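Chain lettering (A, B, C and D) follows the sequence in which the chains are written, and residue indices restart at 1 in each chain.
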Amino acid sequence: MELDVRQTVDWMVKANEKVQEQKDYLSQLDRAIGDGDHGINMARGFQEIANTLPNEEFEEVSDVLKKTATIVMSKVGGASGPLYGTAFLKMSMESKGSNVDGETFEKMVGAAVEGLKQRGKAKEGEKTMIDVWSPVLDVLKEVSEINGEKIREAAHTAMEATKDMVATKGRAAYLKERSKDHLDPGSVSSYYLFEALAETLEKG
Amino acid sequence: MELDVRQTVDWMVKANEKVQEQKDYLSQLDRAIGDGDHGINMARGFQEIANTLPNEEFEEVSDVLKKTATIVMSKVGGASGPLYGTAFLKMSMESKGSNVDGETFEKMVGAAVEGLKQRGKAKEGEKTMIDVWSPVLDVLKEVSEINGEKIREAAHTAMEATKDMVATKGRAAYLKERSKDHLDPGSVSSYYLFEALAETLEKG
Amino acid sequence: MKKLINDPNQVVTEMLEGIVSAYPESMKRVEGTTCIVRKDAPVKDKVALVSGGGSGHEPAHAGFVGQGMLDAAVAGEVFTSPTPDQVLEGIKAVDGGEGVLLVIKNYTGDVMNFEMAAELAEAEGINVEKVVVNDDVAVEDSSFTTGRRGVAGTVFVHKLAGAKAEAGGSLLEVKEVAEKVIANVRSMGVALSPCIMPTSGEPGFELAEDEVEMGVGIHGEPGIEKKKLVTANEIAKELTEKVLPELELDRSVEVAVMVNGMGATPEMELYVVNRKIQAILSEKGVQVHETFIGEYMTSLEMAGCSLTVLKLDDELKELLDSRSKAPAFRK
Amino acid sequence: MKKLINDPNQVVTEMLEGIVSAYPESMKRVEGTTCIVRKDAPVKDKVALVSGGGSGHEPAHAGFVGQGMLDAAVAGEVFTSPTPDQVLEGIKAVDGGEGVLLVIKNYTGDVMNFEMAAELAEAEGINVEKVVVNDDVAVEDSSFTTGRRGVAGTVFVHKLAGAKAEAGGSLLEVKEVAEKVIANVRSMGVALSPCIMPTSGEPGFELAEDEVEMGVGIHGEPGIEKKKLVTANEIAKELTEKVLPELELDRSVEVAVMVNGMGATPEMELYVVNRKIQAILSEKGVQVHETFIGEYMTSLEMAGCSLTVLKLDDELKELLDSRSKAPAFRK
């Protein structure tokens, strides 16, 4: 099963729906251990994505992701803007000229994780969105298909696991031990992104 | 019946007791149609008076009132400071060298009312403390004694009557019609002053 | 009540100590008084400017003490006029032989206390003149009342009369400038939330969650009306429409504009309000010579703002532009 | 939520319009961007200073644009770093050929966005250097975390590096000054009440009626601990004791002091706090060269204050004292 241009657009539109629905919840999570704007940042960026993508023509998946990256970079701001922007850009670059089958998708997410680590000077276990992206990459390595159900499951478990972590990167790091017992907002929005992908794949 | 030095000191000490007791009430009245400091202003000044007078020697009533005036002027501030200061100063000047019998007291209050009017550029009916002092003067003109009961009664009625007046002087004037249905704070504190006098005279 | 203070009864004294210790190069305290005067006071052969009033309006008035503005600021208790003896101390500390101008805001208490101080100073042989600032258009003038209140426009009186004194103007010339400013300055304010007096701990007035007080005074006195909170644009429009008419501005005229925060207003909001004010002025063809945004005449932690417009001519413009070393109004 | 705004989603744009229309002599907007730059930008043959960050800290950052301070301030949404494309616009608008210094506050978002902008600018052939300000001692440094936050000390970086650029310093010299300031400046804040984001209408954090947040960040981020409200003296003492040690001040040293209001703090209270700070410094024999009291780096309508101390040497003193025409920091 491959991811095509229409599905990629659907994916982002669905991700936006989730972000809009959960906007207040994401901000609330960020209020607890950050500055309370994560929902607002994501909603601003993804709204623009959902407004733009369906009205444009794209040659290939890589182009959809490139456009997405550009919008995210110039609309989201904060920490999550450059991070998601980098992730989408790396995925776009990695898929340039290819059909997106399971193997390609694994490489794309691999590049995204690398990009996130470089941009954020972070690694796994620091209570950031990397703690969702990296486990998703692991599961992609295990399967040959883009398996929506497995991706969703892995992302969900990984997101929940951020609750027990102590932040050492990002704004939440200032809280040290006090950051524990709270979900990481960026991990939760990353989960929505992968949940949206799973639903898109299910719908076909 | 005459007012002597000890009684005058007692009068001011009792006036202070009332002001301290009613401090919050006076401020509350001032919050409604002024800036909310009348109780604080009066309490600051009269506390100093009550601390000072009993520890000093005075030749005559005029000296007690002069000291009172000086303290009021330099401690009360706001509008009521110069006004009460003027009233006490005029009473002091008018009684200089005399025993304070009914006739003298009438003259003293007469001088105080004149002083208040000049200092405040105000007259009766403008919802100021003059609306208590002036009716008290009227009653003193009717009797030959310093009749505490009559003074208290007149002051009380006059104070209550300020409720129906529209302020045209002082801070409350800015409210115009909206100043109606509220007691004038300075009239209420003036009533306490005369009530304290009546109680002092009763005690003898 | 949540305040960064030690003792409500000591707040004025401690504040004065805090100001003087912040700006020891510009000002000093007259020992044992509530007067803050220029470091080099009395300045020989210069007319001296004395202002003051209740505390709680910081940086007014002590923040305006310094070369080019006030010679002395006399502080009263919170929202309470200083007493005549204190004002007299201020006058005596700054008189440099050319006389003293008292700048008084039009409140019964201030007028009476400063007048009594002037009488006392004259009895001591000091030449004193006074002006009464009454720029607040919220409360209409009428021969039956005490007249309009003095609010943020007072800052322009300090600046321009102070500049005239610094430039060597005589007492009457300095007074004339002050009166010209008073004749040409108008203000109005709005409150979104009340201020709390340190001594009582009580809010000065009440406002519902969706209400504002239009025309509020700088002590939280009620103004024109309580009304529903509207947009910043509508508030800017209402303030401007109230403030402008009497100044009879036409296209050739220049003005100075002050958007003054009342104490708790985020500066962001002052800029949003200013945006609309400037748009209205520019629509009317009024030339803005200079705009001042910030806190100049506050009311403790009241939220809200006031608009002040000063109509300028060449003389006033030059006086406004001249240097001032007052910490709260550097030019 | 009670705010003098029109539309929460337009608040940044309208604020920027409001600032530029207030100070048209000092600054202008780069059309279609959130950048405010010096009126005369790009200044030929001068190193340019670009700063910025989330909005809600007014007068930071646009209030510091002007001769002697910043060349450009790039605004993000409220409490959200501006995006790389915007920062790039700012850089391009002010580059006068001698290169551009980016002054970044140490927040992950700011660092990443400004870094990406620097990469883009370098790709366009502009010489860019950057410094990261991390003056907030509330959050301890550690190799495991992102390091300290940048707060009000940033204003001194703007002022002193700006002065160096104005005096003709090269890009590396200007950067060196900025780094010297960063090495010698420390801050800490306290909040009495939270700030409310215009878009969410929700307070950023909660504080009980008798609580304060010690070490609060300028976005309302939690600090060291919530504790019972104590006196201004005790708070001043705690701030001073946290801020001073690392500066290793001895009796021969001079400092600059900033007591910064967080947005809703009555100025009266800042003076009361300053009183104790100055007393402690004087007890320790520390010489205060100059004190700044007012709003420099705010957090919307948060109540509270921060203390910043900058250790000076002769070079820094001269740079601090030199003229600045930035509306929010006139010297």
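The rule we apply is simple: a residue touches a chain if its C-beta (ideal position, glycine included) is under 8 Å from a C-beta of that chain, and two chains touch if they have at least 3 such contacts.
Since the structure is predicted, the reported quantities are computational estimates derived from the model, not experimental observations.
J.: Just grab the chain with the largest centre-to-centre distance to chain C, centres being mean Cα coordinates.
T.: Result for max centroid distance from chain C is chain A.
J.: Could you work out how far the Cα centre of chain A sits from that of chain C, in whole Å?
T.: 55
J.: I'd like the Å distance between the centres of chain C and chain D, where a centre is the mean of that chain's Cα atoms.
T.: Comparing mean C-alpha positions, chain D is 29 Å from chain C.
J.: Once you find the CA centre of chain A and the CA centre of chain B, what distance in Å lies between them?
T.: Roughly 76 Å separates the two chain centres.
J.: Got the chain D residues that touch at least 2 other chains?
T.: Within chain D, no residue contacts more than one other chain.
J.: Got a list of which chains touch which?
T.: Chain pairs that touch: A-D, B-C, C-D.
J.: List the residues on chain D that touch chain A in their complex, please.
T.: Within the complex, chain D contacts chain A at residues 54, 76-86, 107-109, 112-113, 116, 139, 144-146, 149, 197, 199-200, 202, 204-205, 217, 219-223.
J.: Tell me, which parts of chain D touch chain C in their complex?
T.: Interface residues on chain D, with respect to chain C: 2-7, 11, 14-19, 21-23, 25, 55-56, 58-59, 63, 192-193, 195, 209-210, 229, 231-233, 235, 259, 263-275, 278-279, 290-291, 293-295, 298, 300-301, 303-305, 327-328, 330-331.
J.: Per the contact definition, I'd like the list of chain B residues that touch chain C in the complex.
T.: 24, 27-28, 31, 34-37, 39-41, 44, 73-83, 119-120, 168-171, 173-176, 178
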